[in-house]
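Report on one structure; see the data block that follows.
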Amino acid sequence: MSQKDFVLSVEGLTVSFDGFKAVNDLSLYVDEGEIRVIIGPNGAGKTTVLDLICGRTASTSGSIKFRDKELTKMSEHQIVHAGVGRKFQNPSIYEDLSVFENLELSYPKGRSVFGALFFRRDQAVINQVHEIAEMIFLQDMLDKPAGLLSHGQKQWLEIGMLLIQEPDLLMLDEPVAGMSVAERRKTAELLKRITKGRSVIVIEHDMQFAEEIADRVTVLHQGQVLSEGSMERVQNDPKVIEVYLGH
Amino acid sequence: MFSDYTANELTAIFAMQGFAGLILFSVLVLMALGLAIIFGQMGVINMAHGEFMILGAYITYLTSNVFAEYLPGLFDGYFFVAMILAFITTFLLGMLVEWGLIRFLYKRPLDTLLATWGLSLILQQIYRSVFGAREVGVSLPDWMMGSYALTDIIEVPINGIFVMLLTVTIAIGVYWLMYRSGWGRQVRAVVQNRPMASAVGINTEKVDRVTFGLGCGIAGIAGSAFTMIGSTGPTSGQLYIVDTFLVVVFGGAQSLLGTIASAFTISQAQSTMEFFLSGSMAKVLTLLFVVGILMLRPQGLFAMKIRH
Amino acid sequence: MTTTRGITTKVSSVLKKLALPIALSLAASNLAHAESVNTTGLAVTDDTVKVGILHSVTGTMAISETGSVQAEKLAIEQINAMGGVLGRKIEYIQEDGASDWPTFAEKSKKLLVNDKVAAVFGCWTSASRKAVLPVFEQYNGMLYYPTFYEGLEQSPNVIYTGQEATQQILAGIDWVVKNKGAKKFFLLGSDYIWPRTANKIARKHIEKLGLKVSGEEYYPLGHTQFNSVINKIKLKKPDVIYAIVVGGSNVAFYKQLKAAGIDMTKEKPLVLTISVTEDEILGIGGENIEGAYAAMKYFQSMENENNKAFVKAFKERWGDDIVIGDVTQAAYLGPWLWKAAVEKAGSFDIDKVRAASPGIELTTAPEGYVRIHENHHLWSKTRIGLAKKDGQYDLIYETDELMEPNPFPVGYK
Amino acid sequence: MNSLKQIFPKGDLIAFAILAVLLAVVFPLAMDVFRLNLVGKYLTYAFVALGLVLCWGYGGILSLGQGIFFGLGGYCMAMFLKLEASSPENTAIQSTPGIPDFMDWNQLTELPWFWEPFHSLSFTIIAVMLVPTVFAFFIGLAMFKRRVGGVYFAIITQAIAAILTILIIGQQGYTGGVNGITDLRTFLGWDIRTDSAKVILYFVNLVLLFTCLVIAQIIRKNKLGRILVAMRGREERVRFSGYDVANFKIFVFCIGALFAALGGAMFTLQVGFMSPTFVGIVPSIEMVILCAVGGRLSIFGAIYGALLVNFAKTSFSESFPELWLFAMGALFISVVLFFPNGLASVYQDHIVPRFKKRFKKQGKPVAVKPRVQTAKNQPNTTEKTDDVLTGGTL
């Protein structure tokens, strides 16, 4: 099994908080172009895995390889530059700025201090922002302060902010949490559209939604992989049933 | 520098120097405990902490005058009454301040710094108007002054022992309150998750008010005790504020144990260096040492590891 | 970005707020100009003369400067009761230096330029004096400065009514050497210019006498923990602890010294200080400093008639429980010395007053007799006091001769 | 699109113009030299407040040590002026002529090496700008790379200010000690104590202040400014948008230090001395308060704040010397409680909503500046509170 085949290969990843192993010797491989959904009960370590990949939390041991790069040694912004984008569970956007500015800030240009100082809002930027805005259903809201958006719109905006970064690996933490049914449908549609040509990791509680989008599913339990495979296979795995229904 | 002295003298000096370090340690803990509660548990940056201490000192001054005037026979014991009064007064003032000022600022911790700085200016001026611009001399009962001779050379200041005992008592008291009492559980619950605490029926407003009051009250006791070793004037409180904050931050703001460990480290570093260097350089090096460590370990000595 | 039209509105409202105080202050300064009708260009009318009082009423230095303000006001009131100066009543304008040196400079400039005062009584710390000095020299004002200080200065625009360092130090050291058999000294001070300079002078003098300085230590201003230095003192066993600690540190130092078992009422080690006046003892507590010796030029307990009258008047004016220290007395001399110089010159003109100043004598000074030296400092006697439990000093020695002020002692010139 | 128009929208241009007219025309005409010199002194604090608007208001970095940079800038300038004032002729009575008087008193017999280069004006000007900025750079590097923030940063800067004060006071042979460096007279032979010099210096000060204002405006209206605003509320998100947050913080902290240093240098020139009292904790906090009163998000507010607080201080201490601490204390408390964004917010909270209403009635789309809208909500986001409390532990 050569690593070349994978966009992301996580091997032997462990992190402990004062002795508590939130993620324990975890290995995970994501294919090029794959949509992987991670599910698992509360406290299984799902969000922590994303935190480890994007550098928000430092691992205790193990390796995370993205293409040829070892992510465990890199800082957050370097990981972003390498092509990994992350969406948080609670919408994390800049409430003080307009929608346009939110997207513009995420545009991958002028990322150094002086780059930002001499950044020019040229036509390419404007076009790109409008294009993304349309994709995330916010084309009419560009001048609005982002703080005034609805919860669902904020989720979309954050997705849009990721898209404009053009990441190769997209990590989404519960993208449809707190959305209305209609918004949820729109989001599923959006996700299908944007995942083309990208690898995506999604954390999801909603089984139906997971089934709708997943290529493969990984079930985490107590910081370890409990089961992996197609949704159908996973759903019929007795270990999984035990964890979800057992006690 | 030691060649001039006999082994005996050196032992004695080291013993006394160690003791001086312990006294400094007690003083720092006493200063910092109140702030550790207010800053560490509530996140409020109380720049008027020193002024609360001085209020305690002024209460002690007033009590000593009252005793000297009306109860001269009981003068030997006035200090205990004074400490209790100092606690009550600063506790009440603390609750008043929380009610009138702090409670509006919980979500803006840096703004508490500005507002309490304003408060400290006002308190200073009140002290000046009431007690005069000059420092007041607090007379102490005779038994508290002087020293206890352990050997020919080793002498232990009685007020130092008093401060140490007081510190131990208060530290144990605070520990018990925060970690063993039902009230302490409420405080910690509020600190960790305010909405949840509120949902399970804790009166968070009351907890805040009492916690702030308690922090101020301990400052008041500290101020009262410091009349034994320091000055009491309208602006004396400002002398303490930087040291106090450094002790708390260095310890890791949310840990009372950290505050104690940090006071110990700082006091030992300072008193050791004071012995070999001049006082000013010792102070500079101590501060540099603390700042340096904080840069390496910004969370302080004892910080909880938090899972995201 | 959209427009911020409203900022203009904000600006104009701010402008309105600013305009009023400016207009008022302008009006006030014009008024002051109109009244100065005599030839000196100073604020002197046919029956009044304006002087300035410039001390800190707020801030950390207010503790020390209050006494000086009271003394200067008392002297001015007494002079007015006697008919004023050259037939003119003294009116004082009091400004607050707020313990902030630029504020001192600013206020001194206001007094000299806007108020055109004929003299200023004020400043306490060296830093504040240094800050106002260029202003007084530039606008040719006259400052009466009351504090004992480090010397190293001699301005034509300042009369120094307190002692400079050598006056205080030499006599004190000579006395302990002669009468207490002191051979070993430990020098201690707050870390700033006066204690450092004073200790240098002291060290030089001690070494010249063939005696030993066994330690020299400085602590930052406001320091409150002296246990380490007290241990060092115990280790070195000096005969004399020569202490120039100031402010809040003073209180901490003496309380801790006593608590550490160093009994100052015993022969050795004895404490000799030049920084603790009766004012400071109020904060320290008489019982904590009982037995220490102070070398300065004035003690409240002095028994001469001048002083008895002064203390009585001071207490009548400012309250019974007030104490009077060396600096307060020196501040009291300021208006009297100025009055004498003005009367000798026959004019309020600064240059004439300056020319008349050297040689001015005051026989009515509470401390006894003083005379202004050519170098603008005072000839005065140095006295040794022994601190008592009640917060007063017992006068136990005074120099036979007046000490000559020598602001630039050899080795510094 | 980064046109001048974008950086200087009409409203801001008007604000610039009004400020310029007020400072450059109204004040000089309406005031005597004495008052004008006072205003000049107040405006040197405005430099610091302006830097704080960027650092604190925009970047969310509260420094309680701006006095360090104000002092360093001021001291560099004072060293140059002092050397000029200590020519061998002026100091002939000293045992070592040609060195500053305080060195002579401290028995130094030659000029310390680090004083030597301050004979040169060009070196001095570079030092005024570079020394504080480099110092800020290293403080920033050490702290922000380790993600020390919020309260911790404030307290550490405060401690550094305390250290520097003790050092300056203790090393009096090299620094002039507690008295500071005093009695500065001439600048390249030009007497800076005369009235005409004061007026000229006032205008030099203005030119520098406006330069800084323009720099601040460019930063604020640029992508950099938006990143700062974004960072203040959502530092993590900025990091995950691919920015190295620490670099931006270091940059803006250095800018704040540079502004403060220019203010310090102009202070020395206009007041005629520099002393450790401007380096310590109290002046540093007072500078933050100037900024808070004016409005921590408004570069113009900072300047009006500096003027107003100092005017109030002077006039209060002139008319009610014993009451001014009450007045100042009450001012700070009320600003924090009622106008968290200072004077600028008085306008924003009372004028803007009215505009908004009117526009709404007419059915036009509302184009509100987001800054205005959420300036008040901003500090209330719980996420920020957590960040601040846990400091660098994230």
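A, B, C and D are the chain letters, set down in written order, and residue numbers restart from 1 in every chain.
The definition used in the following text is that contacts are C-beta pairs under 8 Å (C-beta built on N, C-alpha and C of every residue); 3 or more make two chains touch, one makes a residue touch a chain.
Worth saying up front: this structure is predicted, and the values here are computed from it rather than measured.
Farthest from subunit D in terms of Cα centroid separation is A. Among the chains, the centre nearest to the mean of all shown protein C-alpha atoms is found for D. Chain centres here are Cα averages; for subunit B and subunit C they lie 34 Å apart. A separation of 48 Å divides the Cα centre of subunit A from that of subunit B.
With centres defined as mean CA coordinates, subunit C is found 71 Å away from subunit A. The set of subunit B residues touching two or more other chains comprises 125, 128, 238, 280, 283, 305-306, 308. For subunit C, residues touching at least two other chains, in rising order: 57-58, 191, 218, 220. Among all residues of subunit D, those that touch two or more other chains are 6, 166, 169-170, 322, 325, 367-368, 394. Subunit B meets subunit D in the complex at residues 39, 43, 45, 47, 101, 104-111, 113-115, 117-122, 124-125, 128-129, 238, 241-242, 245-246, 249, 253, 280-281, 283-284, 287-288, 290-291, 294-296, 298-299, 303, 305-306, 308. Of all residues in subunit D, only 1-2, 6, 218-219, 222-224, 226-227, 229-230, 232-234, 236-245, 247-248, 251, 365, 367-368, 370-371, 373-375, 377-378, 381, 394 touch subunit A in the complex they form. Against subunit B, the residues of subunit D that register as touching in their complex are 62, 64, 142-143, 146-148, 150-152, 154-156, 158-160, 162-163, 166-167, 169-170, 281-282, 285, 288-289, 292, 322-323, 325-326, 328-333, 335-337, 340, 379-380, 382, 385, 388-394. Every residue of subunit D that touches subunit C in the complex is listed here, in rising order: 6, 9-12, 14-15, 18-19, 22, 30-32, 34-35, 38, 41, 93-95, 101-102, 104-107, 166, 169-170, 172, 177-180, 182-185, 193, 221, 271-273, 275, 277, 300, 304, 307-308, 311, 314-315, 317-318, 321-322, 324-325, 343-344, 346-348, 351-352, 355, 367-369.
Across the interface of their complex, subunit D is touched by residues 1-15, 17-18, 21-23, 25-26, 29, 57-58, 94-96, 98, 100-103, 105-106, 109-110, 113-114, 125-127, 130-131, 133-134, 138, 152, 191-193, 196-197, 200, 218, 220-221, 408, 411-413 of subunit C.
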